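Below, chain A partners chain B and then partners chain C, in two separate complexes.
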Partner chain A sequence: MNPQYASLLIALPLFSAFLVPLIKRAGKKVILPYLTLVTLIQTGIAAWAFKEVYTTGKPIIVLAGGFQPPVGINLYIGHFAALFVLIIAVVSFFMTVFSMKAIDVEPIDKYAMLFLLLMLGATGMIATGDIFNLFVFMEITAISAYALTGYNKTGEASEAAMKYIILGGIGSSFFLVGVALLYGSLGTLNLAQIAMLASKMNPTVAQAALALLVFGLAVEAELFPLNAWAPDAYQASPHPVTVMFSAFVVKAGLYAMVRIVYLFKDTPAFMGILNLILILGTLTVVIGELSALRQTNVKRMLAYSSIAQIGLIAVGFGVATPQAVDAAVFHMVNHAIVKALMFLAVGYVAITLGCPCIESFKGLGKKMPLTAFAITVGAISIVGIPLFNIFWSKFRLLLAALQVGKTGIVALILGASLVEAVYYFRLIHAMWFEESKDEKVEENLAFSIIMLLLVALIIVIGVYPEPVWNLVQKAATDLYNVANYIKNVPLLGVSP
Partner chain B sequence: MISAYYFGAISLILIGLYAILTKRNLLKILVGLSIMETGVNLLLISVGYVSGRTAPILTEGATPQTAVDPIPQALVLTAIVIGVATTALALTVAINLYEKYKTLDIEKIRGLRG
Partner chain C sequence: MVKRALAIIIILITGYWLANALAQVPFGADKMLVGKYYLENVKEQTGAVNAVTAVVVNYRGFDTLGEVTVLFIAATGVAALLWRKKRERTAKSEGSVVLQTGSRLLLPFIMLFGAYIFIHGHLTPGGGFPGGATIATAFLMLYLAFREYEIPHNVFEPLEGLAGMSYVIVGLIGLAIGGYFLFDWIWQTWQLGHANIGRLFSAGFIPIIYTLIGLKVGTELTGIVDNMVKEPKEGGQ
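Take a look at the complex of A and B:
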């Protein structure tokens, strides 16, 4: 197949989203099956792109309208983008199945449309090769995320959405100022060309521009000063949307940040920005973990835990040795799997028993044994017990930090694991060792299959980490090796 | 001359940021957000401005040598559209909040905490 078909990854969700009003005429019942079908096709295309990239070892470059960059906008689906586009599509597919039970608020057609746009935005952020195009995709993601956060139309949902809108607005303004500085000094918006010309830029201006871009993207990436919206939005948005936020929206923001910062790898501005990311990441871990400790709402506790994990990933990218980047990308993949499982299970408990507060979880082992088992596996994995997947990524991150002699980061990772152990074992204790007088609940077959699949994935990666580790190393090299990135994009007027 | 545009743009951004950070009324915060976006747009436009040239529209007598840089203008057009969408959504949410809490004071809208 012609690699240009990879543009369908963007085109399919976009057109499908605009077809939703037409589908609605056939009846409200068909909207969610239609959503499932679209995400299934998207998964197929993503799997094809993944296979293509990993068998040929070459990235897929899609030229919009056939114009060569930097005149036209290009999509760059390298090893990293191929892996994450696949994760996005698979998680979205699972969430459409979950939505059938979890979404009972009207208007369901608007929900389907926003769901597809959220998926499109995150895919686009990861796949694009142009900084302004990145901004547009970021805003598509953000605006659909604002609307989905407020979808339940309760006071709390509106409040969370409003916080998200205000912080997102500030972030996007910062991002645009950064773009203006970059464009003003380099005269280009293409990421590969920016990387090529990066050394010609005045280091002070480059540092200012990068700092603005980092702060702009920190809203989506949930780094400390700009993540106040995240726990509220996670708590108030519909359950499938929470899974999507945690599994890939935040990853897309983090990826965009790292991609832009790493373009300046060989310039004097790089070290200062790495320190900024390290500090932001460390603060995010500390504050996330400490806030998670005192939550009684399990969904909110998981939100803080998710934020802390993102902080750890940011710390990995801040260390910026090849080993640390490998470990950070591995942690991204593992975190996507585990948090998809956790939020799915907790959301399922919340819709069955009415509330995601800790009282619902008392005696869950008797009421919903399979769901309780899934939550237990996820919790143990996050804490970092061997034979579960997150152990390996935390371990690699530790090794990478030791290699550069940053013992502070080692202490941070171990301390974070300790705090996680405290609040996750509290949850496990509540589930298995406390009594409750409620009856046993019949568990839904489709959700059980999805949860068991994710549990199996966690354990398989935990026992045999090598295959995934090899994939992840290739993906991380794509992020780290900027010279290769420049070489792969066929820039107009530049001989290869 | 060009520095006057930069100065104006950055003052607008700072005025907007000040309003967002200090005001308690939700609508004033949203106005601040819009002012900030306008400032950013003005900054982007002034990056591509070349003194004494015309708009980059293909008309009789306009050549690439007599027009300003068209790319920032295309960017700003997109940014304005995005800004309008965000503002419209934010106002919708504000209406919803007012119906639920009967106030627009952000100090009093505190259902979520912890």
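Take a look at the complex of A and C:
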């Protein structure tokens, strides 16, 4: 098959989103099943691209319009992008199923469009090979995320969306100025060519441009101090959207940041920017964990926990040795699985019992045993108990930090796990050892299957981490082996 | 007070640091790495006399598709957030006679001008976005002039979706014929209009795409105006 068909990953969600106004005429009931169908096809295409990339070992380069980069725009679906595009599609598919029960606010057709475009934006951010195209996809992701955050139309949701829109706007302008600086001094927007020419750039300009890009992307990547919007948005947005935020939207932002920064690997500006990422990551972990400790709303607590985990991933990228990047990417995958499970389960509890506050969770083991079991597995995994998936990524991160002698990071990881243990075990205690007078609830079959699938994945990776670890190592190599990245993009012979 | 002073100091430091970096970007120096390529090959590869249009629709067509989507999301987002079961116009009075007559009289001409801008995108400055915005102003004037006026929603909404879909379809035809998404099959495979460079029927799929973008932007911006001008009805949720 022509590898150019991978452009369907972008074309399909777009086309389907534009089709929704016509689908609506067939009746409101059709919209959500239609959404499920589209994400299912998207999953199929993503699986094909994944298979293609991992069997041939070569990235798929999509040339838009048939123009060679840097004259045209290219997509770069390498090992990393193939893996994450698949994760995005699968999580979106699960969330369309969840939406059927979780979304009861009108207008559902607009929800479907925004949902598809959020998926499209994240896919594009991860797949693109052009820095301005990255900006366009970031805008697509961000603007659909603003609208989805406020979708419930409560005061709380509007406030969260407003916060998000202001911070996001500031972030976008930072990013744009950074791109302008890069273009002004290199005359190209193609990521591979930027990497090729990076050493010719004036170090002061490079540092300023990178710092601007990092701060611009820090809004989407939820790094302190630009993540003030995140807990509110996570709490107020519809439950399936929260899952998408945590499972892949934030990761797309983090990936974009790391990809751009790593392009400057061989320049003097690199070390300074790495330190910046390390500091931001560390602060994110500390503040995220300490804030999670005080929450009584479980969804908000998970939001803070998610932010803290993202901080850990950023710290891994900040260390920037191959081992640390491997570990960070591994943590990204594991976190996507676990947080998808947790937010799904908590959202399900919230729509069944009324609110995601800690009271709903008292005696959950009796009311909704399967959901309670899923949350328990997820919680134990996040804390980092052996035989569950996150143990391995935290452990690898620890080893990588030890290798370069950064004991501070070791202490950070251990400390974070300790704090996580406190608030997650509190939740587990509430679920299993506290009494509630509510009746047992019949659990939805579809959600139970999805939750059990994710639980199985957590345990399988926990017991046999090797296969996923191998995949992840390839994906991480794609990130830090910049020379290979340049070589893989068929650049046209325009050079200064 | 201390907080404000601190903020000002931080802004000054950041500003100084940015200005310092900006000063080292050679201003006006020839950084035509890709620009030169565009200028040298634009006529032959795309058939457009207006090189900017060729860059927007052909070379960086993927970005344009993205920008169209951004506007679509903005319109959808506004509609989603302002959605109420029943909404109505709340203007207190009709527009003056001058406004009413003027908006009626000018409506066809404004639309014609908007259409002119986007159809001639490959020849003259402008294109789908300004053309569509011009068309939307015609409807904005109607909203200002008449208290009861409302656009025909059952035409505008499907038209908006249809225009966007057609854009993607044009791209997909390129994928089927030329092997690349958004490939200009009319110019490069069929070689239509090669003798016509500088006239209306040239430049491959640029006029088609710009017409679609014009329709889309026009209907979208009008939709945003419609959403913002109406308020929830009393009692309706």
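As a convention for this text, the second predicted complex is superposed on the first by the 493 of 496 C-alpha atoms of A that agree within 3 Å, B and C clash if a C-alpha of one lies under 4 Å from a C-alpha of the other, contacts with A are read in each partner's own complex, and residues count from 1 in each chain.
We adopt the following convention: a contact is a pair of C-beta atoms (placed from the backbone, for glycine too) under 8 Å apart; a residue touches a chain by one contact, two chains touch by 3 or more.
Since this is a predicted model, take the numbers as computed values, not measurements.
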Practice task
Kindly classify A:Pro467 by the partners it touches after superposition: chain B alone (first), chain C alone (second), both, or neither?
Solution key: neither
Practice task
Examine A:Asn2 and indicate which partner it touches, taking first as chain B and second as chain C; both and neither are also allowed.
Solution key: second
Problem - Contacts of A:Thr204 with chain B and chain C, given as first, second, both or neither - result: second
Handout entry: Touching partner for A:Met113 - first (chain B), second (chain C), both, neither
Key = second
Handout entry: Residue contacts on chain A - larger count, chain B or chain C
Key = C
Practice task
Considering only touches as defined above, state whether A:Tyr146 meets chain B (first), chain C (second), both or neither.
Solution key: both
Practice task
Please work out whether A:Gly354 is in contact with chain B alone, chain C alone, both, or neither, and reply first, second, both or neither.
Solution key: neither
Practice task
Quick one: classify A:Val136 as touching chain B (first), chain C (second), both or neither.
Solution key: both
Practice task
Could you tell me if A:Leu19 is touching chain B, chain C, both of them or neither one (first, second, both, neither)?
Solution key: second
Handout entry: Which of chain B and chain C A:Ser173 touches, first, second, both or neither
Key = first
Handout entry: Interface residues of chain A shared between complexes with chain B and chain C
Key = 132, 136, 139, 143, 146-147, 150, 153, 158, 161, 177, 183-184, 189
Completion exercise
As the complex stands, chain B meets chain A at residues 13, 16-17, 20, 26, 29-30, 33, 36-37, 39-41, 43-44, 47-48, 71-72, 75, 78-79, 82, 85-86, 89-90, 93-94, 96-97, 100-101, 109-112, 114
Problem - chain B partner contacts - residues on chain A that touch it in the complex - result: 132, 135-136, 139, 143, 146-147, 150, 153-156, 158-162, 165-166, 168-170, 172-173, 176-177, 179-180, 183-184, 189, 231-232, 235-236, 291, 294-295, 297, 300
Completion exercise
Counting only contacts in the complex, chain A reaches chain C at residues 2, 4-5, 7, 10-11, 14-15, 17-22, 25, 62-67, 70-73, 106-107, 110-111, 113-114, 117, 120, 124, 130, 132-133, 136-137, 139-140, 143-144, 146-147, 150-151, 153, 158, 161, 177, 181, 183-189, 202, 204-205, 207-209, 212, 492, 494-496
Fill in the blank from the handout: Within their complex, chain C touches chain A through residues 17-18, 20-22, 24-26, 31-38, 45, 58-63, 65-67, 69-70, 72-74, 76-77, 79-81, 83, 85, 157-158, 160-162, 164-165, 168-169, 171-172, 174-175, 178-184, 188
